[in-house]
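Presented sequentially are two complexes of subunit A, the first with subunit B as partner and the second with subunit C.
Presenting the complex of A and B:
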């Protein structure tokens, strides 16, 4: 089993949109057979918290605002598109190699 | 909290005509104010955060979830629903135009989680979502919204 990852779900205020993202990411990591803690962050604290994250997931409208972080960023436009989110996470984590 | 309590029929607005996204948020926000669940300034909060952060609240094609911070005047946890006719562009390239608003008021980070789960469940079910887009009576909307249950994992 791979190590437990830390995923950061980022939205404007860390309340609504990131919570929805977390729900979807929780489903995706389950189907991918990964273990991860998905934490919520708002855009103003995201950069600091990103230091310890393995992956960042956010709305494509916010992705540019996170700035320069070392963790890969997956940006989502349709939060209901589990297939697209899965694809994004697989690519970001190099699972398809 | 039950979904029916978060989103009672008094907070379902249909045939909302707005000239732009700000007016649309104002319309759904005023329903929240009228039912005493948020203060007037919460409406400005929702507009200001959308201006500041961009139209990221449009979370899926046709659907936006306007909301602001708990300290911007949330009185009790709540949802309000508005169906925009005609649909309005929010400036989100992939997901415009917006047909449906689920405005959210959360006094903290936990009490609205079940409601969000339920919204996610409805929106990810293509049939239900299509029904919701067409639902133009309160009865039709509640039949769809109240009969779904958040995923139980």
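Presenting the complex of A and C:
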């Protein structure tokens, strides 16, 4: 995977919880041996930004509010569960096939 | 030599450059970042600060319309608690002190986590920034300045960033069933009070859990702070106008119809808040990961203290119940507080939603659905009273028609003010 991916971390205001997601995703991306820019977004602007994103990560309750977007959405319920997040990202990026 | 010194002092007294340098240094301190990443990070953080200040200009314009209107209509000072608004306004004057307090606060957080039993690393960067602003403002009012202000502010911030998570640890454990993280959100007083009162007055948490109810999901839009701020601002700007005399009302917009004018002002305020939030995001996206990376290396056994929405997945219904109860308490307090001589604290949706929602989840964990209602309601009372009592502690900032929305900003500010009075400052 040579291309640098763009990942969107989304929460209500785009400054708190999405920051935690970003830091977790940064770790996951590194262990998977990929490169990606992880950016923060609030839920109101996420839909527009999602057009240029390769992956979206957000909390369970917000996943539905992003609506129909091309990029796969990984929804997280336990923010500290690095294994779960890794699994979600692997599935979304079809890395297990 | 003198010239170099002058330039150096100039750079360090521009808060935006200070923030940029911090981000730059933070990146360099993380081993896996190179020089160009560090430079880009520093520049982005600096620009973020300028964006934030630009938002303040937008905000102030519409607050200057709202404040006098409420004053004329109800004969009380009307105040809308909104962290972003008060912080952006305050940073115009307190930028340097705030930036230095925040940097020192991060440093002392790591020191305390390393050498005391309170092993917590605070990862809610926007609340660090807001608390730094509060500390800069209130310590300045009681006469602290210069290096003393930066140092005392930094130590207090560092202390709060390990003590508040310790205080709320039992709540996070109860809600989530594990204790490898805790809450890092400067509304700890609300959360502790919610847990305590829900245990005392709530129902049986297992059999009456709010999560077993069928509950409409239609209120999810409230988490979109852009929408919820805009909506509530429309109401807040329009309602007082009906209590003005006909002439005053007609004169509001000049040549523009008054309600069209108020409509644009309400949305302008929301736009200002959105700009401020964007600025905060740009700054934090550079600084928090650097801080977290450094902290993880120096204090590997510390637990992270996290923003409140991390508890929301443990109680989707409770979030909504807690918010509604908190908002109702906010309205009740609005009606009570004016007549007894306090400022009229107009309930803003953002603190009631996020903190009320968190208090609801905690309340539910300790006392079922009744606990969720009690938890939210208790938060509504605390943040309304706290906002009014904080105003005198803020000095000139207390007249800006906006203030801090969360309980810890409020009680910390009030305590600092009382200490100042006690020691005759």
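Here is the rule we go by: the second predicted complex is superposed on the first by the 96 of 97 C-alpha atoms of A that agree within 3 Å, B and C clash if a C-alpha of one lies under 4 Å from a C-alpha of the other, contacts with A are read in each partner's own complex, and residues count from 1 in each chain.
What we mean here is this: contacts are C-beta pairs under 8 Å (C-beta built on N, C-alpha and C of every residue); 3 or more make two chains touch, one makes a residue touch a chain.
Note that the coordinates shown come from a computational prediction; the quantities given were computed from them, not determined experimentally.
Trainee: Would you mind checking whether subunit B and subunit C clash or fit side by side on subunit A after the superposition?
Mentor: Clash - subunit B and subunit C, as placed by superposing on subunit A, overlap.
Trainee: In the overlay, answer first, second, both or neither for which of subunit B and subunit C A:25 touches.
Mentor: neither
Trainee: If we overlay the two complexes on their shared chain A, which of subunit B and subunit C does A:17 touch? Say first, second, both or neither.
Mentor: both
Trainee: May I ask you to decide whether A:44 touches subunit B, subunit C, both, or neither, giving the answer as first, second, both or neither?
Mentor: The second partner, subunit C, only.
Trainee: Just to be sure I read the superposition right, which of the two partners does A:82 touch: subunit B = first, subunit C = second, or both, or neither?
Mentor: The answer is first: A:82 touches subunit B but not subunit C.
Trainee: Once chain A of both complexes is superposed, is A:57 in touch with subunit B (first), subunit C (second), both, or neither?
Mentor: After superposition on chain A, A:57 lies in contact with neither partner.
Trainee: Would you indicate which of the stretches 1-9, 109-117 or 145-153 belonging to subunit C has clashing C-alpha atoms with subunit B?
Mentor: Answer for the clashing stretch of subunit C: 109-117.
Trainee: Could you give the residue numbers on subunit A that contact subunit B in one complex and subunit C in the other?
Mentor: After superposing on chain A, subunit A residues 11-17, 19-20, 23, 26, 40, 43, 59-62, 65, 77-80 contact both subunit B and subunit C.
Trainee: In their complex, what parts of subunit A are in touch with subunit B?
Mentor: Interface residues on subunit A, with respect to subunit B: 11-17, 19-20, 23-24, 26, 40, 43, 59-62, 65, 77-82.
Trainee: Name, in rising order, each residue of subunit C that touches subunit A in their complex.
Mentor: 123-127, 176, 180-181, 220-221, 223-227, 277, 280-281, 284-285, 288-289, 292, 304, 306-310, 312-313, 316, 319, 354
Trainee: Would you mind writing out the residues of subunit A in touch with subunit C in their complex?
Mentor: Within the complex, subunit A contacts subunit C at residues 11-17, 19-20, 22-23, 26, 39-40, 42-45, 59-62, 64-65, 77-80.
Trainee: Which bits of subunit B are touching subunit A when the two form their complex?
Mentor: It is residues 49, 52-61, 65, 67-70, 92, 94-95, 104, 106, 109, 112-113, 116-117, 119-120, 123-124, 153 of subunit B that touch subunit A.
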